[in-house]
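Before I ask anything, let me first share the structure, which is written out below as C-alpha cells.
In order of appearance the chains are A, B and C, and numbering begins at 1 in each one.
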Amino acid sequence: MTVGKRIFKLAEKLWPIHRSITGEGFRRSLELIKSEIPEIKIHKIKSGAKVFDWTIPQEWKVNDAWIETPTGERICEYRKNNLHVLGYSIGIKKKVKKAELIQHLHSIESMPEAIPYVTSYYKKNWGFCISDKEKKKLVDGEYSVYIDANHFDGFLNYGEILIPGKSKREIFLSTYLCHPSMANNELSGPCVTTFITKWLLKKKNNFSYRIIFIPETIGSIAYLSKNLSTMKKNIIAGFNITCIGDDRQYSIVLSRKENTLSDKVAQNVLNKIAKNYKIYSWRERGSDERQYCSPNVDLPVCTLMRTKFAEYPEYHSSFDTLNRVVNIKGLDGGFNFVKSCISMLESNIYPETNFLCEPQLSKRKLYPSISNLQTKQKVSLMMDLISYSDGRTSLLDMSKLFNTDYKLLLKLAKELERKGILKISF
Amino acid sequence: MTVGKRIFKLAEKLWPIHRSITGEGFRRSLELIKSEIPEIKIHKIKSGAKVFDWTIPQEWKVNDAWIETPTGERICEYRKNNLHVLGYSIGIKKKVKKAELIQHLHSIESMPEAIPYVTSYYKKNWGFCISDKEKKKLVDGEYSVYIDANHFDGFLNYGEILIPGKSKREIFLSTYLCHPSMANNELSGPCVTTFITKWLLKKKNNFSYRIIFIPETIGSIAYLSKNLSTMKKNIIAGFNITCIGDDRQYSIVLSRKENTLSDKVAQNVLNKIAKNYKIYSWRERGSDERQYCSPNVDLPVCTLMRTKFAEYPEYHSSFDTLNRVVNIKGLDGGFNFVKSCISMLESNIYPETNFLCEPQLSKRKLYPSISNLQTKQKVSLMMDLISYSDGRTSLLDMSKLFNTDYKLLLKLAKELERKGILKISF
Amino acid sequence: MTVGKRIFKLAEKLWPIHRSITGEGFRRSLELIKSEIPEIKIHKIKSGAKVFDWTIPQEWKVNDAWIETPTGERICEYRKNNLHVLGYSIGIKKKVKKAELIQHLHSIESMPEAIPYVTSYYKKNWGFCISDKEKKKLVDGEYSVYIDANHFDGFLNYGEILIPGKSKREIFLSTYLCHPSMANNELSGPCVTTFITKWLLKKKNNFSYRIIFIPETIGSIAYLSKNLSTMKKNIIAGFNITCIGDDRQYSIVLSRKENTLSDKVAQNVLNKIAKNYKIYSWRERGSDERQYCSPNVDLPVCTLMRTKFAEYPEYHSSFDTLNRVVNIKGLDGGFNFVKSCISMLESNIYPETNFLCEPQLSKRKLYPSISNLQTKQKVSLMMDLISYSDGRTSLLDMSKLFNTDYKLLLKLAKELERKGILKISF
C-alpha cells in the first residue's frame, strides 16, 4: 500500500469530525493522529490566556442547527453537512422574515452548488452557509432558524513532537487542523505531516525535529509565545505544510527574506521533481508563515503546497472533498515533496578536502577501468565536486552550480569520503 | 495664482539684469531674491582669495559695447542684448579689418538667428556674440569695435539660508545665478528655489535645510571651501537645481556613486510624477554636482532638471527666453518635482513594529466593516507594511518593493502609528 | 624579424626532441630554452620523492620501436615519428597474433590519417599509436612487436626564473614542456613564454616575476609542494600559458573564483585585441590551472590560450604540427595577448587626487588651445578620470566603466601625475 493510500485512509477517518480552532472536534482529531504517532504530546492553553497581542478564545460547541422554510421543509441541516453553520456562530432560535434571513446567509454565486466555508471568530454573529442554488429558491415568508451552539471557557489544544537528532539544531514542521470537513485545505496538511513524522521516527536523523499540529493563526501565535527563544536559537529551516493533497501542481510561498535555507531547498527540490510548479512571493502569503516570518520572529520558514490556498476553485467550500480534490496520487506527491526537502536538508553537507592540489585518483582506483561516456561524466563530476570542496560551498550550492542531480552528487561525496578524499560536515 | 505664475513673475523681474559670476548684476539679482526671502544672508569673498585650487576672480563691469560697420551701422549693441558681449571680455576700442574682427565673433551656424552665450573667464580676450545670419552679412572693410568694460578687485557674492528643523541633519539645495539674460539656464533654477525656500520657511520640518544661491563652479568651490566639514557631517541628501522651467521633460544627473539617498528619492519621484523622464549618469554631468561629488568632497548630491542643459536647442543662446522655453506649466512642474523630493525625504520613515507575530487588527477596528475590493486592498497593503516594519526597511524601499504610491503608504503608516502598531523613526 | 618568427624558429629547434614528463628529452629541451635565457635555473627532484599526494615517477627512455607485419614490412617506426610509441610504455619484444596486437593499438577513427598521442603514465602497459587507415590495412597473421624502452630512477626537471621588480609582489607565469613532437599543444606555450621572459628581462618592472617551465600536472604539483607559502604570500596574478600558437581564436579558462585580477585583466585585454574569443568557465578546465586553483592552493591564476586544448581537431595527434596548426601570425598574436595582460597588470594603477573639488585645469595648460571634437573628448576623459580618482578605483575598473581604451587612460593618468593633479599607486 503506497504511503498516499495510507494518508488517504487517515483523512477519511478525520473527515466526519466537526473541527474549529478550539473544542471537542479538534481534540478528537488530535487523538486520532496520536493513535498513529503515540509519541505526540497534547498541550492545552486556557481560554482567556494572553498570547502576544491575542487572547485564547472560548470553546465553541454546536449540537444541532437547521432552518425551517415557510413550507415546513428543513434546509441547512448541520447533521447533513457541518459547513452549513457559520464558524463560531452564536446560538439562535427565532422566526425571521426572508429579508432578515438573507442577511445571515453566505453563498458563492460563481459556484451555485457549493456550500462555502465562512467563519466569524472575532465578531459575534449568527449565520448559515448555503449553496447559491438553494438560496435562490427561497420563497417569501417566515422561517424558523435554529442553532443550538454555545461558547464557554475551555482550552486551545495542540499536538507537539520533538524528535532528537545528532545535532541540537532543528528542522521545524508546522501544520494546522482547525478546519471542518474539507480535504485539501486542510486534512491533507496534518495527514501528510503525520506520515512524515512516522518516517522520521523510524530513521536516524542528523538534525532534531520540532513538529506541531495546531489551529491556524491563533495556534501558531500561541506556540511561538511559549517557544520563541528556543526556536530562534535552534531552528535552521522550517516548513508550514498545507493544501498538499491534490495532484494539479506544486507551489511554495517564500519566506519574507526569500533566500533562507528553507526557500533554497524547496525551490531546488521542485526544480527536480516538478514539471509544473509556482513560486509565490511573501506578498502572496496567507497561512501560518505570516506569523513565523513576522518582523521580530523571523524564522526561516516557507510554506509547502501542491495547489495554493485560494488558487483552486473548490477552496473553502463543500467541493473541497476527498476524491474530488484530494487523491492518492496528490498525497503521494505531497509526501514526496516534503520528504525530499527534509532529505536534502539532512544531506546538505559542506564537503572539504584536506589535499593540496588534486588528489591522485588513479592510485585510489577512482578512475573507472572501462572508459565510456557515462564513466567520463562521473569522473568529471567527481573532479568538479573535489574542486569546490573548500568547506564553504554546500552540496546544495554545487547542485545549482553544476545543474546536476543532488542525489548523484551526494552519492559521489559519500564515496569520496569513504576513500579519504573529503571530510563532510553539516 | 499658481506657484508657477509667481515664479514666472520673479523671473521677469530678474530678466533684464546683466549678471556674471561676480559684480553688480549678481548682487542686484540677490537683492531681488532677498526681497522675497528676507531671511537670506548675503556673503562676500574678496577677489584674489584662494578657494581650494582656485582664486576668486576680479569683478567685471560693462558700461557699453557695439560694433560700427563700414557703412556706419551699429550692430552687436550691448544695450539691446547683453549676450552680445563675450562674458568677462576685456575693454577694447579700435578699428579692425573684417578678417581680424571675425576671429573675435561667436555665432551658431545651426541656429542662424540666435546670439550664443560665450564666456572667457580664464583667458584674457575680447569678443562679441552675434547671430550667424548677421555675421554672414558683414561686408569687407574697416570696423570700429568698442567695449567699455573693466576688471577690478571686488567681491564674489552668494546668498545662504539655514532653516533649522527637528534634526540637525540637513538637506542641501544649491542653485546658481551667474548667467545673464537666459531663462531656463538659468533663471528657472534660482526662481524655483526661491519659492521652495518660502514653502519650507512656512512649515515645520523634520530636517534642517541649507540653501545657497551662488555663481556656478567658482561659487560652489568657494562655498565648499568654507563649509565642507559641517556639510560632510550633516548633509543626508542634496540637490543641485537648474534648467527647471521648461515643460518638455524631467531629468536627473545622478551623483558619482549613483545610489545615494538623493538619487533614489529623485528617481522614485520621477517614476511617479513624470511620464517622460531621463536619468543621466555621472559621466554626463556638467553643473555644480561636479564639485559636490568630487572624490574628496563626495556629498550625496544629484542634479534635478526639467530638460537637461545642452540637451535643448535654445541652450546657451538668446533663444533661451521666458515664454519661448520657460513657461508657467514648466515652472509649476519643476517646483512640484523639487517639492516632491523634499516631501519624500521628510517622510522617508523607518517603521518598526514592537509586536511579536501579527497584531490583532480586528480589536483595533483596523478591519473595515464593509468589505469591498478597495478596503481589501487597503487591508492587504496595511498587512504588507506591518510585515516589513523591521526598522531597517524605509518607506521608500517599501514603495519600490510594493510598487505602491508612496503617499498612500505614508498615510497608512501614520494611521498605524496612531493606533500604536508601529513606531516611526527617521 | 617579428617576434612570432623568432618564436617559430625556437619551436622548430625543439620539434624533433622526444619529450616526456621526465627524462633526457625534457632536459635537452630545457637546455635549448636556457640557451635563449641564460638566467634560467634548472632544478631537479628525485624519482620516488613525495609531492603532496603524488610521487615523482621514474625516468623513461626509448631507444627504438617498431612493428613487423606478417609480410615483413616495418610499421609504427619510432624513428619516423616518436608519437608511434605509447607514452611511458614498458619495453616489449615478442610475436603476437593480430587479435592481441589490436588491443595495444591506438588510433582515431574520425581522423584516419592522424597518429594519436596517448600516454599511460599511471598504469603499466605497452602500446603503439597508429593512423586508423594503416590499422585497417593490417592482415591476419603473426606480428613482431619491438619496444626497446626502460624505466629507471632519475629526476624530474623544471626550469625557473625569478625576475625581481620594484615590488616584491609577483606575477606568475607557468607553461609546460612535456609533450613530444606536437606544436600547439605544446611547443607554442614554452616558446611564447621564452620570448615573454626575454622581453621582461630587458625592461624595468613594477612587479617581480616568477616564471616556470614544467611538465604538466606532476610538474605544477611538485613546484607548488616546494613553493606554496611564498607563492600564496606574493602572487597577485598569474597565467598558465598553453595552446597559444594557432591563429584561429583567443580564449581563457577562468580561475575557480572567476573574478580574480587575472580573470579581469585577461578578459579586458581580449575585449580590446580580439574580435573572436571565448571565455571558458572553471568547469571546462583541463590544464595546470587545475592545481593552481585547487581548494587549499587557490592562487589567482587563469589559463591563456589561442584555441583551447581539445577544441581543435588536430589536438593530441600527429596533425598538431608547425605550419599546419601553429604559424607565425598565431604566435605573434599569442605573444601579444600575454604581453598585453602583463602590461595591463604593470600599469593597473590606482589614481588618487589630493584636490578638494575639481582642480583648475586652465591654469595648468591642460585645456587644449584648439578645441575640436578630439580635444573635447580628451578633456572630457581627463575630467572623468580625475572624478573617479578616489584611490579605490583602478585604471582597469575605469577602463571598463568608461568603455575606453586602457592605454589612452594610462597616458592621461601619467600626464596628470606629471602635472601634480594625481598621485599614482599600485
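By our rule, a residue touches a chain if its C-beta (ideal position, glycine included) is under 8 Å from a C-beta of that chain, and two chains touch if they have at least 3 such contacts.
None of the values given here were measured: they were computed from a predicted structure.
A.B. asks: Hop distance check: subunit A to subunit C, minimum number of steps through touching chains?
C.D. replies: Tracing touching chains, the least step count from subunit A to subunit C comes to 1.
A.B. asks: Where subunit A and subunit B touch, do the two copies share over half of their residue numbers, giving same, or under half, giving different?
C.D. replies: Mostly different residues.
A.B. asks: How many angstrom lie between the CA centroids of subunit A and subunit B, rounded to a whole number?
C.D. replies: Inter-chain centre distance comes to 57 Å.
A.B. asks: What parts of subunit C, by residue number, touch at least two of the other chains?
C.D. replies: none
A.B. asks: Okay, in this complex, where on subunit A does subunit C touch?
C.D. replies: Residues 352-360, 362-363, 383-384, 386-391, 402.
A.B. asks: Can you tell me which positions in subunit A touch subunit B when the two form their complex?
C.D. replies: Residue list for subunit A touching subunit B: 52-54, 122-123, 220-221, 224-225, 228, 256, 282-283, 285, 290-291, 293-298.
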